[in-house]
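For reference, the structures are reproduced in the following blocks.
Shared between the two complexes below is subunit A, which has subunit B as its partner in the first and subunit C in the second.
Right after this comes the complex of A and B.
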């Protein structure tokens, strides 16, 4: 009977492992494609942890299943008669440690501690790059002005405010001209609402491939969370605070001239995998699940500015 | 030094039914009362979970039985009902199931018995701690029917969704959500009552364990169950006051117009506030300062009991007894400095996040040491696969998964991707369902004979185990995949986004497995109640265990022991020695020969 139980444990754990092995190859069952400057480092850390935890998962579960298989009691309750262990032969080099309880306790305390400390300290720089406000200037660079937008999260939509096309053009061209008045104008964006800004386009965030993005994230009702899964961005929006979020998109997903998302630049076709959602990731009421927007990354500066001009006309026409 | 009075059972007049079984001060009766109420709330919480799962799997379908509940919504669950379902599922399971099972039921039942005392230090306070749960039961059930609907801002109840209120005098509706009006107020009051009950209990347990151990029961001869209950009680005593304060602050924000958590300038539709200066983050800090230690409150007693159960049925001494105690203490201590890991993406200063990250990653260490020690206990064992043992082994196996998945979310950059996704839901259910709840099942199968003098059916126990084990993994393991793919928590309809839509099939698999898992718990409930009346009658020590409760009759009598026990050895004297008939020695056994599982410390 004991062997049945150990096999039940073993088969179930094997099934779990199998699911993780298979999932990356099933369409839609794994991480969305990472298309930001942050995604490489974050995904690498994820895979590193997956490898380490996967190793220890297999090791400990195999030991457990093995012990249950081998040490089950006999029919009359006496200890089982043990055949010589093949595994013990394999472990001959470390028998000295394994047979001394003190040594083995030291080993299984120090080795995991070292691995955990390594995991802890190796990741601080990634976190700092993504979130520490003091790192923001290094990230964007002194001589660049990012694509700056203001996102105001509301029950239940994302409202995005852009600079007007002419302002945005001066921001994007700052690197060549380095005009200090433009720099000041950029710094005022979060504080002022100029009359020619493009306001409150709901549910759509447009940015430019290869150019840094700065989002001023705010809300005036409840806590929401800006989640751009493909960019590996998640930041809660807090009432009473404006929080900056920054990244650089590394791929585009909208076609010149039509501005529909989902365009795959490699296959030159429209493709669901290139529809990049903006989702709300903090419960904000009954409409939380519907607070969905779309992220458009333009391939070229001209295309991006052409869209912004079009959007500005549209927004002004409605007023 | 502990002294127990050895006076004979007091000659009081025979108590009536009410004083004996309802308003009892006997710790065993109180423990059983907690057990029964927790079983009922387990069914309530489970039903709510099934409602959540059904909506997730078939978001646009009319639901067969529920059709009549929602005639105005086309027979489909409204979003606010869904939000209430998961909020109340978590609230019920945490505050009315797991914590009362572990600390209320088993803490009460086991502590005096296992340390050789006649009852708790404060029996009347003990009775009050149970009866304080009843206002909580009434309030939490009433909240379902509150005006505006039951609480629906999550069990985490973050302001401003949960706590925005109209100006004083204009009623208790909330502009943020209809459910955050009266329903939320009932919830806050219910949790206040639960907190008071737990604080009373924790004071009692700490005092009893320190002061009332039998002669010879030194601290290092206490079973792990008691060490775990002791340290858990300390956790409760220090953490609960902070939750109590936070709940009162939110209650005041909602009723008398304070603004602890409400900043100014909030705008809801046409309505706006201009008085504020509160901080929503303050609630999160106060709430998680309790709720993180709370999760250790919900696992440590189970770990302690599992240690005792595994050594009993493996017929081996517990490996690394002192390391186990140190690990429990380490988990509890570290547990007080990691609360910010729930707030990495919250807008809290990310530098603070780094500090919390280091402590959080380190908390995996004592947990890992405990897992290795359980494996070490099974090594060269003589393992008896009873229902209790199977659930205890499953605890170890599945806690490995729950613990390892925690490392992903401890890593702040990875948390950016998995925060508020089903990866977190997978982790919490591995540690709460397949660890805590399986530990509770193990404890019930194990101590049922001592509570009621009868055995539960081993056959049906094994059926319960086998199906629950497979089904639970079918429900919760795929949630890791959902989380990696980005599926968010608390969403009733995942077809609204392109990245979640492909996961519908996997969600349906999970829901069907959950329906199986839920149904099979009925086998347990029927086994439990049937065995109360018709289970096989048993003797003092059906499991050949060593601890003190097995020296007395089953069920244990009022006053627990005929004479005060005297303790001569630690609880883990197990192990077959050549030429000796017995492979264990009771803690009160003075004459057992050396060599059986001798204590090495």
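Right after this comes the complex of A and C.
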């Protein structure tokens, strides 16, 4: 085959690596801005694992390309005649210890296993905070009731149920009075649809910045998956189950009063980076690709409740 | 293989992705074509015990009637549905006739890539069609492109509700070709059978149809949705013209025109009537006049609501011979048997089947707002055989219950929520 193919292969791998290295700095090529309480820790995990696996990936591919180049057969099909390798001399300290195949195999089993165990143990606490229902109370706090909604996925849209405005207001204000009837009312939300719930709103989830959110996720037909990329949230919606999802948004993207999203709270202008999608992350049929809703994070409690009141009025229109 | 030949593969593979193209509009070469599925002339009957089977459209072609899984199989075996003039088979019309129809329809309605609404000689009506119905060519072109992306696969190229995914969806997608739509806010008690207001179609796009496969398209910008509504009206007008021709001008499998008549003039007349009907529906005077809601729902003990719900239950469930005399049906519970839990399917005007809603599920296809349910009770769902009850329930002062429509609405809304049923003392178990 000769040197040509090894060079072509090496150039392709280097090109891919180059694109990957550049990606974080090109608009739209990398992960979106993380704006939830979970995003820092999850992004840290991502980069740590990327670093470790990236190092080994580059190492093994470089060795592969090197070997392809050095030991590729010549044009007439015979093995090349080579001088002793300089690299082999450099590796003498290691090859002295790992001097038989059994020892080499032990090395390349134990070292990666140790690294994987390290990753496994270090990520448990982050996973627990996001997913373990036993950790939910720690996350939200005993004296806070989150913004609670029910999201029902169906082919091919998201439908959201909110409590009525007055009920939501009592939930948000629970911390002040700590009224046990309000706590009980909140606990009944998932299983009991009340007559005055604002039900079935399509494709839009409204939450409040700085206040925890609890989503009761269900599905009406097949398996879907709630994906809030900016919140670093992904949770499968399984038929027959109602699965809780929680997070705290740390930034808003909705203009006060008009409730239009895409609003950058820092520059006070509209831009595409602040349009936050709700996507489906589990193939659910032909419309899976376009099962996309929008996430609205309100800046203040008053604005959020004002929107909810408006939505409630709409849903109860009598003329 | 030699290295150079292998090298040539690389640019070829890369370029092959460009062949696919990213054109969003229909191909210029595509034309609508004349319908081949049976034209429903009359309803076969009233009730039918079973739904159509998955994967089956009731009527894609005459051959479907020979399939024993088809709901019309038994009836067709007994009395040929074509000879009995229940359906008309448009494929029996000779090619020359079909070509003629195609030419005229293409002339007035264009092609999918370049849709238009023509054949209106009256200048005033033309102006209204453009302004009120928003049927100018530019908006139709945008609508056609977006329709191809979002709607075509269920609703079909001609709006026949027989796209590739339609057979796997029950209830089936709407067939626009008769100009009939289920969920309207236009008063059907005046002349009956009025087309919907643009707002009704916009609302359907905005909130979807709960309980069916029609999703909400609210994430599309509103100008795209407006264009889609215009395109749907265009498809409906074209379908109506074609339907009228087949219904009225085909006799013994030939196109029969009166002496001195041309097909063009015939279609122009239909176009005039149909466009006029659509324009009339956009008139605010023809919208359903919703009586002001008379009760205070925020009373702490919900006394007024409770009384209203009790009256609504009585209106819903107790026999009313005077209604039976007028409409052949007794009261709501006649069709919504056992509050909808034991409803039979009913033949509808599209040759498919509709089931009176199971009201205990709390799923309201036409919308769940109180005013949406008011629209349904007021003007019914004519193509699905739900009657307009506005003329029947007492609504004038002097009648026993001037708020009858709102009472029925309150009862229906309470029926859908088990917790509220308990609170209101409604027991249906």
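Here is the rule we use: the second predicted complex is superposed on the first by the 279 of 319 C-alpha atoms of A that agree within 3 Å, B and C clash if a C-alpha of one lies under 4 Å from a C-alpha of the other, contacts with A are read in each partner's own complex, and residues count from 1 in each chain.
Heads up, the rule we're going with is that a contact is a pair of C-beta atoms (placed from the backbone, for glycine too) under 8 Å apart; a residue touches a chain by one contact, two chains touch by 3 or more.
No experiment lies behind these values; they were computed from the predicted model shown.
Enquirer: With the two complexes overlaid on their shared chain, look at subunit A and say whether subunit B and subunit C clash or fit.
Expert: Aligned on subunit A, subunit B and subunit C clash with each other.
Enquirer: Go through the superposed model and pick first if A:140 touches only subunit B, second if only subunit C, both, or neither.
Expert: Neither partner.
Enquirer: With both complexes overlaid on chain A, does A:232 touch subunit B (first), subunit C (second), both or neither?
Expert: First partner only.
Enquirer: Where does A:314 make contact in the superposed view: on subunit B (first), on subunit C (second), on both, or on neither?
Expert: So A:314 only meets subunit C here.
Enquirer: Examine A:14 and indicate which partner it touches, taking first as subunit B and second as subunit C; both and neither are also allowed.
Expert: After superposition on chain A, A:14 lies in contact with neither partner.
Enquirer: Tell me which partner A:305 touches in the superposition: subunit B (first), subunit C (second), both or neither.
Expert: The answer is neither, since A:305 touches no partner chain.
Enquirer: Does the superposition put A:62 against subunit B (first), subunit C (second), both, or neither?
Expert: neither
Enquirer: Which of the two, subunit B or subunit C, is in touch with more residues of subunit A?
Expert: B
Enquirer: Tell me the contact category for A:23 with respect to subunit B and subunit C: first, second, both or neither.
Expert: Once the two structures are laid over each other on A, A:23 reaches subunit B alone.
Enquirer: Does the superposition put A:204 against subunit B (first), subunit C (second), both, or neither?
Expert: The second partner, subunit C, only.
Enquirer: Which partner chains sit in contact with A:190 here, subunit B, subunit C, both or neither? Use first/second/both/neither.
Expert: In the superposed model, A:190 contacts neither subunit B nor subunit C.
Enquirer: Stretches 439-447, 457-465 or 529-537 of subunit B: which one clashes with subunit C?
Expert: Residues of subunit B that run into subunit C: 457-465.
Enquirer: Find the residues of subunit A that appear in the contact set with subunit B and again in the contact set with subunit C.
Expert: The overlap between the subunit B and subunit C interfaces on subunit A comprises residues 155, 286-287, 292.
Enquirer: Any idea which subunit C residues touch subunit A in the complex?
Expert: Listed in rising order, the residues of subunit C that touch subunit A are 3, 153, 165, 206-208, 210, 213, 215-216, 218-219, 290, 292-293, 362, 368-371, 374, 413-414, 417, 419-420, 423.
Enquirer: Which stretch or stretches of subunit A touch subunit C in the complex?
Expert: Touch residues, subunit A against subunit C: 4, 154-157, 192-195, 199-200, 202-204, 286-287, 292-294, 314-319.
Enquirer: Within their complex, state which residues of subunit A touch subunit B.
Expert: My answer: residues 1-2, 5, 8-9, 12-13, 15-16, 19-20, 23, 27-32, 38, 41-42, 45-46, 49-50, 52-53, 56-57, 60-61, 63-64, 67-68, 71-73, 77-80, 101, 104-105, 108-109, 112-113, 116-117, 119-121, 123-124, 126-128, 130-133, 155, 220-223, 225, 227, 229-230, 232-241, 243, 272, 275-277, 279, 281-290, 292.
Enquirer: With touch defined as at the start, can you tell me which subunit B residues reach subunit A in the complex?
Expert: Of all residues in subunit B, those touching subunit A are 78-80, 83, 152-154, 158-161, 164, 176-177, 263-268, 276, 279-281, 314-315, 319-320, 323, 345-347, 350-351, 353-354, 357-358, 361-362, 364-365, 368-369, 371-372, 375-376, 378-385, 390, 393-394, 396-397, 400-401, 404-405, 407-408, 411-414, 416-417, 419-421, 466, 469-470, 473, 477-478, 480-481, 484-486, 488-494, 496-503, 506, 576.
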